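So, here's a batch of structures to check.
Below, subunit A partners subunit B and then partners subunit C, in two separate complexes.
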Partner chain A sequence: MTVENILEVNQLSTVFHSDEGEIPAVNEVSFELKPGETLGIVGESGSGKSVTSLSIMGLVSKQNADVKGSILYKGKELTSLSEKRMRAIRGNEIAMIFQEPMTSLNPVYTIGNQLVEAVILHMSLSKKEAEKRAIDMLKLVGIPRAEEIMNEYPHQLSGGMRQRVMIAMAMSCIPSVLIADEPTTALDVTIQAQILDLMRKLKDDFNTSILLITHDLGVVAEMCDRVIVMYAGKVVEEADVRTIFHDPKHIYTKGLIQSTPRLSEDRDRLYSIPGNVPSITNMPKGCSFAPRCANAMDICYEKMPALISIDDGHKARCWLYDEGIRNGEGKNSE
Partner chain B sequence: MLAYTIRRLLMLIPVLIGMSLLVFSIIHLIPGDPAKTILGEKASPEVLENMREELGLNDPLLIQYKNYMLGLVQGDLGTSIRTKVPIAKEMKPYLAGTMELTFFAMAFALFIGVNAGILAAWKQNSWFDYMAMLIALIGVSMPVFWLGLMEQWVFAQNLHWLPSIGRSSIINPVHPISHFYIIDTILVGDFGGLLEVLKHLILPSIALGTIPMAIIARMTRSSMLEVMRSDYIRTAKAKGVKEFFLVYKHALKNAFIPILTVVGLQTGLLLGGAVLTETIFAWPGIGKYLYDAISIRDYPVIQSGILIIAFIFVMINLIVDLLYSAIDPRIRYR
Partner chain C sequence: MSQIQHQTVINQMKMKERVDSPWMDMWRRLRKQKLAMIGGFIILFFILLAFSAPLLTSYSYKAVELPSRFLPPFSEGHFLGTDDLGRDLFTRIIYGAQISLRVGFLAVIGSVIIGTFLGLLAGYYGKWVDMLISRIFDIMLAFPSILLAIAIVTILGRSLTNALIAIAIVNIPTYGRLVRSKVLTLKEEEFIIAAKAVGMKDSRIIYNHLLPNSMTPIIVQGTLGIATAIIETAALGFLGLGAEPPIPEWGTMLADSKDYIQLAPWTVIFPGVSIMLVVLGFNLFGDGLRDALDPKMKL
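Right, the complex of A and B next:
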């Protein structure tokens, strides 16, 4: 553990038990988060990015799932903490905001009630002081008429406003890490930009590290310092944000970037990656991306490649970058 | 809200007029001569004629209805054929008896039912869950008369813990003021009497409350299970809320709407008189009062009883509707 990492995830695997058998939603995922850094986790639906974040928060039900591997927060192992100690970290040191601002706030309690609850849980403040702090937070996230909003219910606010409230709630105890799970996906584009601006501003003000989970490469380009790309529960590429966009190595990352519409190019049809994400209960042998990969070789159907270091901080999980394969025998099989 | 309540109360008028029409026609829908039905085939013509005169059956139909309605709006429900006492006066103690019993039966059903349902949902698939749902299943399928008799046999006959019949002890009768014995004993400061009254309430309340309790427990469980899966519960968890508050604060209020619906319906049913329970426990309630009236064909009493029960049912529905909006701010009546 290097001191500069605030969060270090090592070989994290989350396996759900279901009637159809074991479902490995997250498979040996490793990454680290530095103070003040924004790390993006990118992937399609079902790639395991949300489960990764829930596993870090300890919000995966222990009855239905096994979480293996290690999650170090400021050097503390989170996976072995008691539920009580974990509660003291949740919302206090690691906070989280979710995709659905429409359903993420409790509909039968006022905004004020829910904000004050978050404050009182972790800060030893009186009710009055907590209310004041809640109002301050609402003002900080740019909500007009903060005092009145305190007495309103979630359904009286717009989606953007609710997401601001969620952010105010998450930031109210000044967490060191903010996990944002698709925070702008359900919002209008104009509101998206405002929310991203707000998150960036708060990050700078409080020096909070952000783990940003998204499928939107535009959001990644706007927000992140570094990016990890996930596919079928595994990390397939990791690099800083410039490298990801200018020099992607994994075919999947390339495909993702190509399938983003761009105004500067004149194309009739948008590129799409052929095929579908394999069913998580029925993973192909070898590289899980092989059936959709244009460069697939024989070995790709045999063995899962390791995450291979290409450059400083740039890794890709692809046989193409394996020393042995590159030096000879690996010829394209198709 | 106030406007809504007033409008709902005004809407009661057509409902009650409809009910009164229905009730009024009962006596005219009996095939043959109502007086003969009441007095029997062997009654002499003079007696029959007196009865017809007493019931006003010799007037034209419209005049009869007019007289009946005029009486109703003045609170005159007619006179009992059997006792020659005005029904409104005669029914009052019975009604109070049923209300007192219903209150305690529902309090028992709500307290046990809601908590059992919550715990079963909280510890889903645990032995407590299975046991609670098994007991609930037995509870809904248990014949009330059998349960009542068993209670009497065990707790009154064998153990001598509790009295088996009546509303208060015969040696030290309650002096009726409001006819709610709990209130009456408190009013005169007779706490020994109060204890006696409470003891008399226990067995019939449990007998009467068991079916509603089982229904409420099952409803609470399924409603809670649904709510516990919602996004705002996940948000609350991510804030670090303790599981107890998660369940009793965040989830319960949301899960309460369907529970309230069941409670309203069951209360209405119980207030309509629980003939079986009241008979077994010799409880002077509206069910027993009506049952006696039916068995001697005391038509004015039957008519008034139906009208009163319908009125209570409609009022409870109104109260439940108003409570909905108190629980869930999204429900607003205009």
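Right, the complex of A and C next:
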């Protein structure tokens, strides 16, 4: 039996136009999301994770950027939808939560105001019913004294509480896909765990698929079924979560995992990947990771490798796994 | 003892907990500003004078009484004296307050509404909309405002209403630019992106989310703007382009009495002092508002 994908992203490229030229923030990214699945997108700052999510939501300004490729939501092509049809999908079917709970609520309105506004937008409910639904949602995300919170302003709540409110707002219309853009980055560790638990619980309750964008491998290990690793706008590795941690193939993924502290190990110094992400306006020729890669070969500086299938569902963008290369040339002597 | 202290601290925290709406918050901080409160009292004083004008005087502001012309202040029946036509100065001052305040408020409301609307459009949509609106503002601001106002009144014809319209038009760019720059920073805020992510329409985002968040600078600038509008009304009146006699507009009164400045200085002093006081009041109050609404001052 094949499980139909709820979201299919094919060859998505987002290019920003700027005075310094074209900026390819996202470059031919493809992935799919199954119902009830949690897919993690991991990468450093500037690897194009957030732009990918904004592109899916259709929130990248069309004046400044070109979005190419296809985004299929339940078989519907999102990139060609009119702005009006897209609005009906945003928030209702694909919802999003953001990194900064401190600034993603409007400071001049009460929590209740904003929740009710979001609920009424997509559900044909009366004000009373919408208020009731808002209170129910607040209780569902574990906010004590929900009725009182309805009349409070965002600045009166803590970061964790605000993120709960954001989740309540995102889940209020029971979306099929929830895009979470670094939902726990701005929170402290104990709250992080609570928020992740909450998201997992809601996912199970509503059978929502989650696209979790993060740079925190701990969060990935805890939450995700599958993972894609992004580097400089491209997918460099894709695998299920077990494989990523136990058998990473791409040197970059290996580096990422090595640079995460572990309790079980006793190391003096944490590993770090040498160098920086190359500037996106000035990409090196060939593999964009080559300048930082210990195993770089001559061909790495010449040509960008394709996403090579290694196992079932495990792909890596590295010349090391190319049949021809494996049998032929050795390492770059330099 | 410490138990009691503890209890008070807890009570205070509870008081703090019950934070009121942003408006109450603003009022609380405004009350601490002494100068602002003085300004507020001056404004209130003139508003009361203006509203109760018919109760405070039995004279008409246009009743000419030539035998009693140029009576000095504190004369019998004429608290502030009379002018060159024997009209009671106090009566004319308080009716003048009515006119100045009304013109000030209406002109500012007019320019705020139009300026805010254009500023929201320019800031939110950017590109050619912004280009067009901002260049129009630039052109308007290239003229000294009083000259532009004179030009508009000359075209429309001399009257108090036309002076009001001219002042409103001249001040549109001030508010437009203010709102535009505020919107430019606001629209990058996450809550605006979040509003889009929830599926809100542009019009709803502009009206429900951008506008309320741009209110603070508009209120401050608007309050200071009333002072400017009152001065401009008086200036147009003084130049003979504002209110037509016998309307007791303060600027017109100054112009009418300037020939008698040595003979009857009070006919010049009282309208002049009135203008100064009202303008001072609005400026003090506006400055206080600015401080009270400054987000950096949030406790």
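One rule holds for everything that comes next: the second predicted complex is superposed on the first by the 327 of 334 C-alpha atoms of A that agree within 3 Å, B and C clash if a C-alpha of one lies under 4 Å from a C-alpha of the other, contacts with A are read in each partner's own complex, and residues count from 1 in each chain.
Just so it is clear, a contact is a pair of C-beta atoms (placed from the backbone, for glycine too) under 8 Å apart; a residue touches a chain by one contact, two chains touch by 3 or more.
Quick caveat: nothing in here was measured; it's all calculated off a predicted structure.
Enquirer: Evaluate whether subunit B and subunit C can sit on subunit A together after superposition, giving fit or clash.
Expert: Aligned on subunit A, subunit B and subunit C clash with each other.
Enquirer: Mind working out whether A:Ala306 is in touch with subunit B, subunit C, both or neither, as first, second, both or neither?
Expert: In the superposition, A:Ala306 touches no partner, neither subunit B nor subunit C.
Enquirer: With both complexes overlaid on chain A, does A:Leu270 touch subunit B (first), subunit C (second), both or neither?
Expert: Once the two structures are laid over each other on A, A:Leu270 reaches no partner at all.
Enquirer: What part of subunit A is shared between its subunit B contacts and its subunit C contacts?
Expert: 57, 59, 87-92, 95-96, 98, 100, 103-109, 117-118, 121-122, 153, 166, 169
Enquirer: Provide the residue numbers of subunit A that touch subunit B in the complex, in ascending order.
Expert: Residue list for subunit A touching subunit B: 57, 59, 87-92, 95-96, 98, 100, 103-109, 117-118, 121-122, 153, 155, 166, 169.
Enquirer: For the complex, which residues does subunit B have touching subunit A?
Expert: It comes out as residues 230-232, 234-242, 250, 253-254, 327-330.
Enquirer: Considering only the defined contacts, which subunit A positions touch subunit C in the complex?
Expert: Within the complex, subunit A contacts subunit C at residues 57, 59, 63, 87-92, 95-96, 98-100, 103-109, 117-118, 121-122, 152-153, 156, 166, 169.
Enquirer: Can you check the complex and tell me which residues of subunit C touch subunit A?
Expert: Contacts found on subunit C: 19, 22, 126-127, 189-191, 193-201, 208-209, 212-213, 215.
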